[in-house]
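So the structure is just underneath, and the comments pick up after that.
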Amino acid sequence: MASDTLARTGSGTLSGLDALDLATQEKAPSRLGRLWSATWPKIAALALALGIWQIVVWTGWKEPWALPGPVTVLSDLGSYLLTSALWDGLATTARRAAVGFAAALVVGLLTGLAVARIRVLRAALGSMITALQTMPSIAWFPLAILLFQLSEQAIFFVVVLGAAPSIANGVIHGVDYVPPILIRAGRNIGARGLNLYRYVIAPAALPAIVAGLKQGWAFAWRSLMAGELLVVIATKTSIGAQLTYARELSEAPRLIAIMIVILVIGLLVDSAFGAADKAIRRRWGVLDQAGN
Amino acid sequence: MASDTLARTGSGTLSGLDALDLATQEKAPSRLGRLWSATWPKIAALALALGIWQIVVWTGWKEPWALPGPVTVLSDLGSYLLTSALWDGLATTARRAAVGFAAALVVGLLTGLAVARIRVLRAALGSMITALQTMPSIAWFPLAILLFQLSEQAIFFVVVLGAAPSIANGVIHGVDYVPPILIRAGRNIGARGLNLYRYVIAPAALPAIVAGLKQGWAFAWRSLMAGELLVVIATKTSIGAQLTYARELSEAPRLIAIMIVILVIGLLVDSAFGAADKAIRRRWGVLDQAGN
Amino acid sequence: MTSTTTTPSSVTPAVALDGVTKVYGRGAQAVLALDGVSLDVAPGEFVCLVGASGCGKSTLLNLVAGLDRPSGGQVRVAGSEQSAGLMFQEPALFPWLTVAANVELPLRLRGLPRAERKERVAELLRTVHLGEFGGRRPHELSGGMRQRVALARTLALDTPVLLMDEPFGALDAMTRDILHDELERIWSERQLSVLFVTHNVREAARLADRIILLSSRPGRIIYSTRVDIPRPRRIDSAEVAAIAAEVTDRLRTEVGRHGQ
Amino acid sequence: MTSTTTTPSSVTPAVALDGVTKVYGRGAQAVLALDGVSLDVAPGEFVCLVGASGCGKSTLLNLVAGLDRPSGGQVRVAGSEQSAGLMFQEPALFPWLTVAANVELPLRLRGLPRAERKERVAELLRTVHLGEFGGRRPHELSGGMRQRVALARTLALDTPVLLMDEPFGALDAMTRDILHDELERIWSERQLSVLFVTHNVREAARLADRIILLSSRPGRIIYSTRVDIPRPRRIDSAEVAAIAAEVTDRLRTEVGRHGQ
Amino acid sequence: CGDGESSATAGGDSGPVTLRLGYFPNITHAPAVVGVEKGIFAEKLGSDVKLETKTFNAGPAAIEAIFSGALDATYIGPNPTVNAFSKSKGEAVRVVSGAASGGVALVVKPGIDSVEDLRGKKIATPQLGNTQDVAIRYWLKEKGLTTTKEGGGDVKIVPQENAQTVETFGSGAIDGAWVPEPFVSRLVNAGGKVLVDERDLWPDRKFVITNLIVSTKFLKAHPDVVKKLVEGQVAANDFVNTRPDEAQQAISQHIGKITGKPLDLKLIKQAWPTLEFLNDPIASSLKAGLDHAVAVQLTQPVDLDGLYDLSFLNDVLKAQGKPEVPQP
């Protein structure tokens, strides 16, 4: 064959950036291989981060009480993991996060659907949703205490006000971008009113809704971290309270240890969202693009 | 015609829920009419909110110092609007928000694009983005001070860490859901590497990116409100600081007045995002569904 | 120029268009897609609509299906609200549902029991020769296969009026011939009224009781002919060819006048 | 059963497929779409590909265009990386761009100066009879109009090899005839090599130097014939009809064997 | 109006009364922490009063809770006390007892040995207009140095959270801070030295840092409970003053329950001598502080008449044969 001929073979590989773009359904790496290729970049990133941190500490840039090294922090994390304080706090905080997020979910989904499709509500409240989203949690504290006293509901109130607008915005965005042809098809096959939502609009908007839920989760969690200081029940320690007190007591290693715990929780939750998103993308047939 | 015949006429109207679903391109209301129909629901909502508030206050449910009435708050807002404190604070805060958001925009867009399309980065950092998003601002304060001392950069650092993950997540979601056929079409007409991003992926992901920016703005603003306490700089008052002081001095009317100011800013920013979103939807031909 | 074709006034038509006009957009950008179209489809009648690309055929079907409102004139469909099922020009399948679930959805929306739904779906998928593909998702199908799924979904509707927008455009001749037979069978069994858009004039002659020709921008009815060939017909028969030739001639004059 | 059609080995083919196999999916869900297809397209040759719905035609074009990799065998395209332009079965227009901008994008990506681009776009839109629609967006067009925009965009590519997947499927006969002439003109002017998928056997006979028939699942080449009718040809000529009848016969046998 | 919420006794006086008591898990709140941890309050309140405790990490939430009827009494600093009193036009709260005095100092970097050395330096305070902020401004003013609200003048005052002050002092961004314990000790441990002990600026080296306030509504509805609460406060102070080791241990453990990590006992011991646990709310120091705030133009004059209701305290003290505190 002539030299200016481009060959694509089943076994050959393409070089350059396009190699990333190409679908690679043929490659069927082993389960172990896939696990490894999903894991090593994480390990590498972690090692890199720890390495840089350790080097910075070794340079003596800051005093050890201002910037503790990885060894100090990890050993503090180790002993932290052995305390019941962490697990009790985690249990309290996780329960609050779950309940608060669930409430935000209901409020956000309903508001979002209503605002997206009812014109008067949209004109009245549409812009308000983003405005509410920008309101910092502490501004709501007085109202939360007024309404719910020093009960856990006050915390949920702050969490819902933090997360629901974000979820609603995700829903509105999703509904706005449902391809009109699908709505027409749905109406044509007899989906009217609630059925149109249930069978067409909601599933079509699902990807954007999941994205909104992810953002909503972040808002919920951050609001919770602040809100947990609102009602500190002496017998119930919580991650939010521990974070703030670690900072107030200038316990740098503990503060970083709690940050690591928060990151790990974030990673776990993200992987749940990631799995949901991947399942949706596989169904929709948009998964292969980036090959992952 | 028989009585069981359904008629649709050019001038007739359909009743029920479907009336909302139908495209109404034919109706060409006057400019004033459209303005009015966009405005009255807002005014009604405002009136309703004020009304309920006033009624609650009149019932004497809480003492006036715990829950001041609308008249007290609005008169305080009036005098607040006449102080230079508000306008100076607003100027400072708005400038910081703009700079911080711009920085977050750059960081978020680049990270998002890189993570969305480069498989190793995605495996390494993908889940980290949401995890970072959930990290409350106060956890970053010590690091911000370590890195930037008491300069404004410390504030920007917190704002960027708050907003960039949200923007990056928007970008990733947008890129993930670009219809594969459009990417194929783009590659086929010769868009490779950066050009594929510029001419195909970025515009196709634009709606989701704008949604991510909106969420990012909310994060940026909230982080800023907290971050402004980090560096209470000489001669510069700020909305974030005023909000906290109003709370610390138990000045309920002033606190609510500042909340109103924050809501108004949120509304203004949202209307900018809304206009961008509407322009995109008009271009894409998905605007008519809900008739707005 | 506007000609009107109506059935004898004694019968209530299944579909009646009366001076229907449709304008897209406003002001300088406005497009007059349909201009005073009056057309009756008798119950049980099979009407084919032909016309140049962009002349307003899809627009007309959308109006009859109630997915859009006319700018002027009246559209009447006999029966209750959901009486005209439309097969769109694009497949318009729901990407989140499997092929079987796509076909099942209209049945589910009508509240059919599960067992019956399953049976009907299997039957419909067999009708369109996709019996083994029920578990796939739309993105795993070829263009022609998607079109056939859309056909099955529309047939699942059981509406007395069927609107079809180039339903066989992406199919090879053989598959199409088979589906012609199937459609004719279903049409006569269920006594459907059909409004069928096609670019294939032979297909029109093969299927129609009446062929109607639309002019290009604005769409007006310029020609209408009855097809009186007895059924069953064959697409390669001489009678079908003769009718097709006649319509093609008319079309040629029309496009010749408007094209470039 | 696998037959191989090759051009004389002295000429470097514009497109060469060598034992190409394509499997979609894995495990039990796997679909063998193409099975050992070997095919050469000579420079300047016009090859039409026909076959039943779902037999692997689009898959084959995707492989040649380099949008997908074969599971086995080799695909070779003469020339540099971007040498085969593909017109997809769907319009695949960019919804955020106007019609003119859609057509302009390939030119812009090749770095043509602005003035030249403008001129070429206007010319291409005139070619597909959409001169006045440059400022519209895809969603404002009819199905056939979108397909013509996609055609114009593909023609703007100026690649030596052109791959076309049912490019005229949504067009009426008259418009299609006109575009046949245009395509033939461009093909001979630019000396293109064309691989053209169609369901219209007459269209194949009207345009092709060679017609190739694919069997259904898995796709294999089962028949190949040269069309030696001198050009210009007319789609309603007797010679074209004769070739079409021959291919239809073959197709009928094939679908008859696989159908149902 | 909302009487039902001021205490949990929904049906009037029938059933046990609930007292909701707030405090900070903090060394300046030692009597409260020890009283709760050692069960002193529970014992004094008896079985007909149910004690519910709430902790706060800053004044505003505690005041919001009092205002909204979510809290009946709380230990709190002088600043929020004045805010609560003045913002409610003298209605919402009453000070019924003192708790602690002292424990505030100006800590500076080594090398700063006199007031003059402070010229041009950055000094942190916990919050603009709070007790410590006013104290340093007034003190500097007396020494002839100027300050401005915006952080200008001869000495630059930077209000910031105490936690942040430790960070900024460590990173060198500030040169000193006028803060309460335990931050004084913490800054000293980070290399600072005490330049001014605020006790030296006050008559008898006494000034209020923590006092006990009760919501007026609760006071009126359940004066008997308030008296028992004050009894508990007096007993807790006795405990703290007579058995400091045990008290320190209790504080460390109690803070650990809430924060997840027991407070360093060494730090408590280090801070302890700077504090004095008194039942006298030292009303004069609160008034003087307010006058100073007016003098440095950080606030308008406030009428504090009626803030103190020391009758319960004096009843308790009298019964125990201790010297009474004059009602201001």
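Letters A, B, C, D and E mark the chains in the order given here, with residues in each chain numbered from 1 onward.
Note that in this section a contact is a pair of C-beta atoms (placed from the backbone, for glycine too) under 8 Å apart; a residue touches a chain by one contact, two chains touch by 3 or more.
Composition by chain, UniProt nomenclature: A, B = ABC transporter permease subunit; C, D = ATP-binding cassette domain-containing protein.
As the structure is a prediction and not an experimental result, all values here were calculated from the model.
Asks: Looking at the contacts, which chains touch chain A and chain E alike?
Replies: Touching chain A as well as chain E, we find B.
Asks: Write down the pair of chains with the top C-beta contact pair count.
Replies: After counting contacts between each pair of chains, the winner is A-B.
Asks: Counting in whole Å, what is the centre-to-centre distance of chain A and chain D, each centre being its mean C-alpha position?
Replies: It comes to 45 Å between the two C-alpha centres.
Asks: Quick check: how many Å separate the C-alpha centres of chain A and chain C?
Replies: Distance between chain centres: 47 Å.
Asks: Rounded to the nearest whole Å, what is the centre-to-centre distance of chain B and chain E, using the mean of the C-alpha atoms as each centre?
Replies: One centre to the other, that is 40 Å.
Asks: Roughly how far is chain C from chain E, going centre to centre by Cα mean, in whole Å?
Replies: Those two chain centres are 82 Å apart.
Asks: Note the residues in chain C that touch 2 or more other chains, in rising order.
Replies: Touching at least two other chains: 24-25, 90, 140.
Asks: For chain E, write out the residues touching at least two other chains, lowest number first.
Replies: Within chain E, residues 60, 64, 67-69, 167, 171 contact more than one other chain.
Asks: Give me the residues of chain B that touch two or more other chains.
Replies: Within chain B, residues 62, 66, 141-142, 146, 187, 192, 247, 252, 284-285 contact more than one other chain.
Asks: Considering only the defined contacts, which chain C positions touch chain A in the complex?
Replies: Chain C reaches chain A through residues 62, 65, 67, 82, 85-86, 88, 90, 92-97, 105-106, 108-110, 137-140, 153, 156-157.
Asks: Quick one: which bits of chain E touch chain B in the complex? Just the residue numbers, please.
Replies: 1-2, 58-60, 63-64, 67-69, 80, 83-84, 87-89, 91-92, 127-130, 150-152, 156, 158-161, 164, 167-168, 171-174
Asks: Quick check on the complex: what are the chain B residues that touch chain D?
Replies: 181-182, 184-192, 195, 199-200, 203-204, 206, 280, 283-285
Asks: Which bits of chain A are touching chain B when the two form their complex?
Replies: 17-18, 20-21, 37-42, 44-45, 62, 66-67, 116-139, 141-142, 146, 165-166, 169-170, 173, 175-180, 183, 187, 192-193, 196, 207-208, 211-212, 214-215, 217-219, 221-222, 225-226, 240, 243-244, 247, 252, 255, 258-259, 262-267, 269-271, 273-274, 277, 281, 284-286, 288-292
Asks: Which bits of chain C are touching chain D when the two form their complex?
Replies: Contacts found on chain C: 24-25, 31, 50-54, 57-58, 89-90, 129, 140-145, 148, 165-166, 169-176, 178, 199-201, 248, 251-252, 255-256, 259-260.
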